[in-house]
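Below, each structure is written out as structure tokens.
Okay, so chain A shows up in both of these, paired with chain B first and chain C after.
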Partner chain A sequence: MAFTSMAFVMFLALAVAAYYVTPKRYRWVTLLVVNYVFYYFAGVKYFVYLLATTITTYIATRKLGKMAEENKTAYNAAKAELDKEGKKRWKAEFTKKKRRVLIPALVFNFGILAVLKYSGFVTENLNALFARISVPVELPVFHFLLPLGISFYTFQTMGYLIDVYREKTAPEKNIGKLALFISFFPQIVQGPIGRFQNLSKQLFEGNSFSYERTKFGVQLMMWGAFKKLVIADRASVMVDNIFGFPDTFGGTYVAVAALIYCIQLYGDFSGGIDIATGAAQLFGVDLDKNFERPYLATSIPDFWRRWHITLGAWFRDYVFYPLSLSKFFMKVGKKGRQVLGNYIGKLLPVLIPQFIVFFLIGIWHGAEWKYIAFGFYNGTLIVLGILFEQPLQELAKKLGIRTECFSWHLFRILRTLVLVALGKIITRAAGFSLSVSMMKSMVLNWDTDILWNGGLLQLGLDRQDMWVLFLSCLVLLAVSIMQEKGIHVRETLAKQNLYFRWAVYLGGIFTLIIFGIYGLNYNAADFIYRGF
Partner chain B sequence: MGKKINIIARCSAFCLVFALVFTQMTQMYIRRDDETNEIHAFYGEEENTVDVLYVGSSPLLRGVSPMLMYRDYGYTGYVRASALQAPSVTYGLLAESLNYQTPQVVVLGCDNLFQEYDYAEREGDLRRALDGMKLSGYKWRIIREVAEADERQTELSYIFPLLRYHERWKEVNPAEAETEPLMQHSFKKGHVYLRQAEPQEYPENFMEPTGETVAFDESALEYTKKSIALCKEKGIEVVILHLPKMSWTYEMSQALEEFAQEQGVAYVDMDREEIRNEIGLDPQTEYYDQGHVNLAGSVKVTAWLGAYLDSHYDLPDHRGDENYAQWDADLAQYLEVSGVS
Partner chain C sequence: MESLLKILAEIRPDVDFEGNQELVDSGELDSFDIVTLVGELCDAYDIEIGADDIVPENFNSVEAIMALVTRLQED
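On to the complex of A and B.
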């Protein structure tokens, strides 16, 4: 059930109605039923995976909770007799015990994800390797259909599991409520990846109906649909043409494709997130922010703080910090300082985990070499950014470049955009080697004439569609700049006169109806991030 | 409480404004094919004033002129036909029409009985008819059937055609676009004639037995049976009519005649030699293409059919009846516009 389909709109309307007619204390039950009905539409066989994750997480977190309680009692009783070393040992022993619960649960759940998502890729490549080194082994290759939102709900649930392990959150005693947290339908499709601490109260306590919140929710959904149907799906026509026929469209076309793909991906993904966030608001639930004007970022780390924020935050909290602060990397830092000097050595416990994180983010996107290359690309940029940050600042100072003015800020935004767009070529091209040859063609056959001689009109969009795309992007940019300046668009609009407000609402709705890419002649592209 | 009423009032007012703009937009972007307008204009006829109703595919649309029959014999008629009309649509149109009119005779065009109807391929043809129909249980059942057969087509896009025709924003100039609803009254009574002539030749051994086997499409046959049953239930006479068509065969004609006999209804085949001779169509000047007569051809076809209906059924003569003054006015306009003398 695509977010931009009429079926979803009707489903949502019924779900919201069902939610608010239910007595408050049972609203969470209604929501759980609604989630499972939604998931049922995606394919009943996928329930097995969702239930497996729910049950194993429930068992593991309950066990961890019980262990924590028992440990607390035992520790309090024994505390007086323990010296500093003894307390440390006690803690280490208890951590070891908890890990015996945590690790199997993590392995099981990430294992499901790994097998479904990556086993085909791994076995294919192993077979290729065996063939190359003449080993007479051929592993069976399975390509599984991914259950809806598995990457998202697995990460969300494992985040909760780790938080319980770290005793940052208490384990949920009601398996139904845990199931609700895991399956909340607006976010299960493509995120954002939520945290139990933020969501549990909102999901489990029956929320009261609020006209203002509902209005804002609907507005956000409309805005998301605009980004998806008017911008992203229109841009996809050009993008598909260029990436589909790289031999025909080389040179400057590649740069155009990279830029338009940036627009498409943002419209598509953030549009979907806006619809999810708006839909959640209808139930009184505020989801975590997943985007913050990423193309206004001034550096690659800044970009990743603004793009798919919840995924980045997940990796930061559950991968980066544990790695960076681990004993092993502490030792690496110490050794690094001895061998490579103070500056680099000090940075090593940051650089290597950062690289690992971005490598993982890359392969999170998919089981293909191009995503591994994408991970390396981003990891390298991050590492270089950290390494050269200080020397570049010094260089700018020496050259007398003013870094506090608008032009420098703009330069940094554009530089980041170029780097991001290059990365997008890697993920969008049919394969890694093709992306390399496209980039090569871009550099060697640069020809700006196509921008003026009608060359862009060969990409599947006529002049009128180009204008719609251009003007829609301007609207998007204007709204982004307003938000960047701290203006809350919906709240500001709500303060205007009724006639103006209605004109804006109706204008928006009919822009969507008239200029949206949907219907029989178009196969409206499915949400790109839904596939991850 | 006051706040709640205020919110409800504001939401209702907004929905009303939205509905008004939506309707205007729909009228601006909807396709206005002649047959769509004619099918819609049927609702403009005063209730229970149509004596003969014609439903079916394009040969009826092009070939039968109810106005000329009115001129010659005084009984009234209306053609609710469209190009490549689906059997389900023919049945739906008939059943719906009988809620507005009580005709004595229903003429069914049954050329499409031998072919399977592919909803996925025929969206344009479906819309030409369905866009002219008001929303009703009959229309809903057709839409459901279409949407089930072709998942790309949605029920909503038939109920709210703007969701389909929004793509026409590039070709419709808002400043010049029509914002009126579809046609409310027709002086042609569903006869969408074509003036152009394309010389035709009858195929060799036309309408001679060849031994080919022909089979009805089961779904089409079912709908035709339902149409006949419905008419019988309401005491309406049925004529199965085949209009001139170069690709018609002896075997098809025989099969259709057998079917009509089985059903106990009349069968008229204008490609049978004796009728063909009586009509006297000139293939060089009176055909639009292989499957349709042009205006001149339709005059001849109508003359024959008019006489047939007049002689076989007890149809009334409304000429000079004050209650049918509108028909006289429509006839005058029809003759003037069509140039038929």
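On to the complex of A and C.
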């Protein structure tokens, strides 16, 4: 059931009505039933994976909770007799015991994801390798259909499991409530990846109906639909044409495609997130922020702090910190300082885990070499950015470049956008080698005439559609700049005169109806990140 | 406290740490700074800081960082 379909709108309306007619105490039960009905529409056979994750996480977290309680009692009783070393040993022993519960649960759940998502890729590449080195073995290759939202709910649930292991949150005793946290339908499709500490209270306590919140929720959903149906789906026509026919559309067309694909991907993904966040608000639930105007970022690290924020935060908390603070990387840092000097040595425990994180973010997107290349591309940019930060600052000083003015800020935004757009070519092209040849063609056959001689009109959009796309992007940019300056658009609009407000609402509704991309041959269900 | 301020100033000379209560929440200290800081704190105070301790509340102010160090020294 796609977020932009009429079926979803009707489902949501019924779900909201069912939620608020249920007595407060049992509203979480209604929400759980609604989630499972939603998941049922995605395919009944996928329930087994969702239930397996729910049950194993429930068992593991309850066990960890019980162990923590017992340990606390025993430790408090023995504490007075332990010296510093004794306390350290006690802690280490208990951590070891907890890991015996944590690791099997992690392996099982990430194992499901790995088998379903990556086994085809791994076996195909192994077969290619065997053929190359003349080993007469051919492994069977399976390509599984991915259960709806498996990457998102697995990451969310494993985050909760690790938080219980770290004793940052108490384990949920009611398996029904845990099932609700794992399957909340607005966010299961494409995130944002939530945290138990933030969601549990909102999901489990029956929320009261609020007209203001409902109004804001509907507005946000319409804004998301605008980004998806008017901008992203219109942009996709041009993007599909250029990437579909790279021999016909080389040179400057590639740069156009990269830029338009940036717009498409942002409209598609952040539009979907807006719809999810708006839908959650109808139930009184505030989801975590997933985007913060990424194309106004001034550096690649800044971009990743603004794009798919919850995935970045997940990798930061559960992969980057444990890796970089591990004894191994601390030793690497110390050794590095002795061998490579203080500056580089200090950076090693940061740079290597950062590279590993981007490799993982790359393969999180899909089981293809191009995603691995995308991970390395971003990892390399970030590492180079850190290494050259100081020398570049000194160079700018020597050249007398003022770094506090608007023009420098704009230069940094545009430079980041170009680097991001190049990365998008890698992920959007049909394969990694094709993306390289497209970039080559962009540099060697640069010809800006296509921007003025009607060349852009060969990409599937007529002049009117081009104008709609252009003006819609201007609206998106204007709203983004307002938000960047700290203006709350919905709240500001709510303070305006009735006539003005309704002119904006009706303008938005008619824009969606008239300029949204629909049609018999068009499948509005295809949110890009749904596939991840 | 002075030795802590010295460590912080070496890592981020551009940040005014005293009185700042939102070092992490405001984005002034990022994850790279935190990792570098943790390495320095472990060496300077002979403590072990794990990933479990990396929550914004422990790093949002000089006082919070000092409280974390003291707690881990006592543990």
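One rule holds in what follows: the second predicted complex is superposed on the first by the 529 of 532 C-alpha atoms of A that agree within 3 Å, B and C clash if a C-alpha of one lies under 4 Å from a C-alpha of the other, contacts with A are read in each partner's own complex, and residues count from 1 in each chain.
The rule we apply is simple: a residue touches a chain if its C-beta (ideal position, glycine included) is under 8 Å from a C-beta of that chain, and two chains touch if they have at least 3 such contacts.
These numbers were taken from a predicted model, which means no experiment stands behind them.
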Quiz prompt | More chain A residues in contact - chain B or chain C | solution = C
Self-check item: First, second, both or neither for A:Arg166, with chain B first and chain C second
Solution: second
Quiz item: Should A:Arg213 be classified as contacting the first partner (chain B), the second (chain C), both, or neither?
Solution: neither
Quiz item: If you stack the two complexes on chain A, which partner ends up touching A:Met6: first (chain B), second (chain C), both, or neither?
Solution: first
Quiz item: Between chain B (first) and chain C (second), which, if any, makes contact with A:Pro322: first, second, both or neither?
Solution: second
Quiz prompt | Which of chain B and chain C A:Arg62 touches, first, second, both or neither | solution = neither
Exercise. Could you tell me if A:Arg293 is touching chain B, chain C, both of them or neither one (first, second, both, neither)?
Key: neither
Practice problem: Would you tell me which residues of chain A are touching chain C in their complex? | Solution: 87-88, 91, 166-168, 301, 305, 316-317, 320-322, 324-325, 330, 333, 346-347, 349-350, 354, 386
Quiz item: Given the complex with chain A, which residues does chain C contribute to the contact?
Solution: 27, 30-32, 34-36, 38-39, 42, 48-52, 54-55, 75
Quiz item: Across the complex, what residues on chain B touch chain A?
Solution: 7, 14, 17-18, 21-22, 25, 29, 123, 152-154, 156-157, 162-164, 166-167, 169-170
Exercise. Please give the residue numbers of chain A that touch chain B in the complex, ascending.
Key: 6, 211, 462, 464-465, 502, 505-506, 509-510, 513-516, 518-521
